[in-house]
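A, B, C and D label the chains in the order they appear, each numbered from 1.
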């Protein structure tokens, strides 16, 4: 049996990562790993995550799947982990090159925001005015997302009339989004949200005003967002593939410990943060996909899984 | 009826001899002190954790614990020097990050050697802290509300200026400090914290400014009327707080090998908890006037240790915080019990 | 009489909030549309309860760091009991309030019995309560909120006054009456004003502490419950951001952190000022990278104006700052 | 069967490092006023605190009407009919006068709404009785110190206790207010109340008391003895073990010496419009006035703690702009001993040494701004010894010292400061007679050594004993000057004339 003990460590408690727990369990069972445990920092704090990771080394984990609390700030600890001989993969979010992570598997957040904005602007038509609700400014993804949405708007001849950031928590999101809609609902044709919480809050707000004129594209698969899509308040959402990340990641980590190497010429994608990126699936789910999005994610996962070893690894 | 004593005019030295006293020795006082309590707790929990998980005392574990504690200790010191004035500094995180980012900028954009860069960062910390101090003194408003507002302004200005981008080109010599191991277990960061702790202790025990800050914190009005420039002392304390916060920030820079805007979370708020935990567990009065550098040091260390121990014991991931809270309560109650036991049995 | 009003604790913040409303209303007429007023009142109603929860503790001269943790725990209890146990919402709400009460009494009892500062105790219980919250939810929200609750969270009278405004208004009046007219409430302020003197006057300080913390717990729980109705889901992260608001509003409203001096009306004004500032940042389309700077400056402005009013005509008191 | 209402047997109480009470006995009879006397730190307040449930005694026992009395809290003591006015002020500053008066009864029925109009009306009764000129709805924090003291007395009276203890109630009262209090005390005594009266003013004791207990070093020097037949010197001997030594100094005139401090037409924000005076080198200049006449405010303006709005202040002949106490101390060598030791004079949580040394740190610091406690100790211990500050060590927290000993330290720290001009405001409030004489001696010694002293006191005998020259202040103005030839009757008469003369003028 494998001696691989995988730790799946998100940046903090967040619904997005819940799927990792099951993914780890499934992978441990399917591939006979010694463990593939989901270990959550109690708070969304860089130092907390670092402390957990250090503790996991002490506890004997030897493979790490990490959502970087910060793309730059997490590099040091990732390198330290790698220094113990454990394979480290950045999962769901990337470390900025250079780092000793084997690669990054996740959503191309810039691309996802770009595609989401495209979907939105398509239904709105040219000359549309849109608002962009996004996450914390200290998260450099936010800047990528702001840029990507702006680029998409420019290409489509639309205008981003307001960006509201720093609202990745329910209460400020509730307050600011509602205040914005109260004053500007008439001025705006569409909304794109590129963080989990604003998506949930904006979906609720639109349902509350009952305004189906304003079109919205959200992110992630929170039930509130999915229901709003079903009921026609939200046009669609940009899905990510957390289960697939956790499942494939655990598998790869074990392979890397049992003699496999990442191919020197592996066909990685390049994104703003890293040149070693594997897209875990960037999917738009509209009304037609809302009831079978799980299936479509599974399909993507299966597909990635199937060719993974051949495409990316050389095993002795 | 009592006798009327006549003509007994005893010559005595009232300072020492009168009335009949049972003087407490320095050792006895120490046994009753908060610091001793913390040491007892640290020893106690070390034994408990080590017997549950021997890995707790492994070299790597001890090293990592010391390194994490060093940052928490510095953050605690930063808050402590303001707490002794009877005030608060909610902006420890914001100032720490601002200073550290400036240091990062000096190294990356201005290409400075790490030593002058750190020095520049500390100056920024002192200036930002002094700004807080001056505003508090001039407005007469509580430091809580002033630092609440300036924390937002300072952090916001930093985000605006850096556009939330990190500085990665930190001189390798500097980031080595964050990874270096002395005798396999000791981090230079912990060493730095110890040295700064000793300096602070000396400053508040033996220098006029230190003592005047304490007097101002204990009773501003009486201090002012005794010829102490209270406003100036409050400004000094805030400036010092800024410097210490930047030291903590620079430690994180050295450790991460980069200056990142999110190192203390949104608005630097991640530092608030460690900022208070050390000083408060260490026995510094929130109302000011009393300082315990050793207490802050030990308090911050205890909390880091409890967290490390709990993480090692693999209690259900989501429950860790509950246990940490309970351990804190137990720690506080144990210390209380210890003191009342000693007092009741007149053991000290 | 006029002098009496202008001298009162809440007058300064009141002037600031009225001035802010007028200025913003003139610059942005959409600020005063019924819908926007409704949004504003909604924010005020919940935030005021959060602020009250802290205000009572400030009144007794202590701090309660666990306000947010209690609110969050009550919120997820409320949502969880409805989703998992299928309890009808009024019963769930009562039980969630009871959770808040229990948490508050626990805080109060620990403070009173050990004599350890409330700051330390609530720092520890904050972890305990938040940990229970995360342990129960594993950071996943409860989604199944009954329609009735969602309706309450979003309905309003005449399109301007949200239903949630009423629990707030009633609580504010009741709290004022309790603190300034009932002996029990006065005892709390007496302890805050000078606990030693209060004790020498035969007031039971421990009892006052327990009562104050119990009230604080219930108020925090109420805010949590109302937020579930408003957010339409039981978010485990409810309460995470309350701490600073909970202090800022009473302090802007004239409360002294040293205790004994608080004002219900002043705290309400503090909440209004903060709500307006938050809205202004959105209304005037401030560059997101500058929002924090402007926010800080506006807070300084608000407290500064109030302070200037206080200083004028006052004697020079050395060492007034801390 | 015991004839006494209250009895304390061999009550003992120790604090860390201090035996405050050592087998003390006390018996109170109904309808009498019992004097509890002793030097500063003798244990008077401690005994009272034990009787009122503030402290618990270590040994011995107390009885009321033959049943054991061991109050565990203030509430229990109040319930047993024991009321008290403590030596230190204990009011809720933000509460109204009326609420403070009825604070004890307030918590009796926690849910019964307070009827404020009625509360105010009830309070009027007590305010009238004590002739306190204040609205019952005024916040106590807005009252001057003397009135707060009266409110505390009203508060104790309102309890209608069987045993009422007054711990130095007259320390900050004027003669008129004291007389008022005494007439009430007599009435209570006649109603059968048992009163305990603590004071360092022996004239008052002899006027009002009929029994006496003297404590010395925490032990009974005498025990519940009739006061009748004991002369002043007998009492003094019980208290300090020897007779009183009243220092007398011959008349002195320093007006031909250089002027150390001069005020020319000084106006202040506090309300002075035109104050002129000169203080000569080595002179003790008295500033007499009734409470509220503006002496303290003038002192604060001189040292830069209050704003000066007009006129000139000259130190050693040169005009100075003093904007802070630090300026006054370090640039002009002027010091000020505050009348309010608790909030302005001392840092209660710090040690005796830190309090006494606070003014010398800067003088003792070396090049890097550091100093050692030992050097401070060396600088302050002569004065601390001279004043016989009773403390187990210099490291004792000053808040744990008896009131009078605290007062000594608040004077001592300015004696140590080595200033050339010292303003001393009410230096002997609450100080025992022995120490009072020491303080007077010290003031004279300072003057003899060349320090110029501006002495503010409301204690007429003190003024006549110590001052060389006396200025009379009333309503923020200097009304006249009296050359002190130590003839008490003449000097005091002349002073009162200046005050009454001015009020007659004002009335016209």
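As a working rule, a residue touches a chain if its C-beta (ideal position, glycine included) is under 8 Å from a C-beta of that chain, and two chains touch if they have at least 3 such contacts.
Since the model is a prediction, treat every value here as computed from it, not as a measurement.
Asker: Quickly list, by label, the chains bordering both chain A and chain D.
Answerer: Touching chain A as well as chain D, we find B, C.
Asker: Among the chains here, which has the CA centroid at the largest distance from chain D's centroid?
Answerer: Chain A.
Asker: Tally the contacting C-beta pairs at the B-D interface and at the A-B interface, and name the larger one.
Answerer: Output for the comparison: B-D.
Asker: I'd like to verify one number: the distance from the centre of chain B to the centre of chain D, where each centre is the average of its C-alpha atoms, in whole angstrom.
Answerer: 40
Asker: Need the CA-centroid distance for the pair chain A / chain C, whole Å please.
Answerer: Distance between chain centres: 35 Å.
Asker: Averaged over CA atoms, how far is the centre of chain B from the centre of chain C? Could you give it in whole Å?
Answerer: Chain B and chain C have C-alpha centres separated by 29 Å.
Asker: Which chain B residues sit where two or more other chains touch them?
Answerer: Where chain B meets two or more other chains at a single residue, that happens at 159, 163-164, 221, 223-225, 318, 320-321.
Asker: Find every residue in chain A that makes contact with two or more other chains and list them.
Answerer: In chain A, the residues touching two or more other chains are 13, 40, 42, 137, 166.
Asker: Mind pulling the chain C residues that touch 2 or more other chains?
Answerer: Answer for chain C, listing residues that touch two or more other chains: 131, 134, 138-139, 289, 291-292, 318.
Asker: Using the touch rule from the top of the page, what pairs of chains touch, sorted by label?
Answerer: A-B, A-C, B-C, B-D, C-D
Asker: List the residues on chain A that touch chain B in their complex, please.
Answerer: So the residues of chain A touching chain B come out as 13, 38-40, 42-47, 50-52, 54-55, 57-60, 69-70, 72-77, 80, 96, 136-140, 142-143, 166.
Asker: Quick check: in the complex, which residue numbers of chain C touch chain A?
Answerer: 28, 30-31, 33, 35-36, 38-40, 42-43, 131, 134, 138-141, 143, 154, 227, 230-233, 235-238, 240-242, 275, 278-279, 281-283, 285, 288-289, 291-292
Asker: Given the complex with chain C, which residues does chain B contribute to the contact?
Answerer: Residues 85-87, 90, 135-137, 139-146, 148-157, 159-160, 163-164, 216-217, 220-221, 223-225, 230-231, 234, 267, 269, 273, 276-277, 280-281, 286-288, 316, 318-326, 328-329, 332-333, 336 of chain B touch chain C in their complex.
Asker: Which chain B residues qualify as touching chain A in the complex?
Answerer: Its residues touching chain A are 55-56, 58, 60-61, 64, 68, 71, 159, 163-166, 168, 175, 178-179, 252, 255-258, 260-263, 265-266, 270, 307-308, 311-312, 314, 317-318, 320-321.
Asker: Of all residues in chain C, which touch chain D in the complex?
Answerer: So the residues of chain C touching chain D come out as 177, 181-184, 186-187, 189-190, 193-194, 196-204, 260-261, 315-316, 318.
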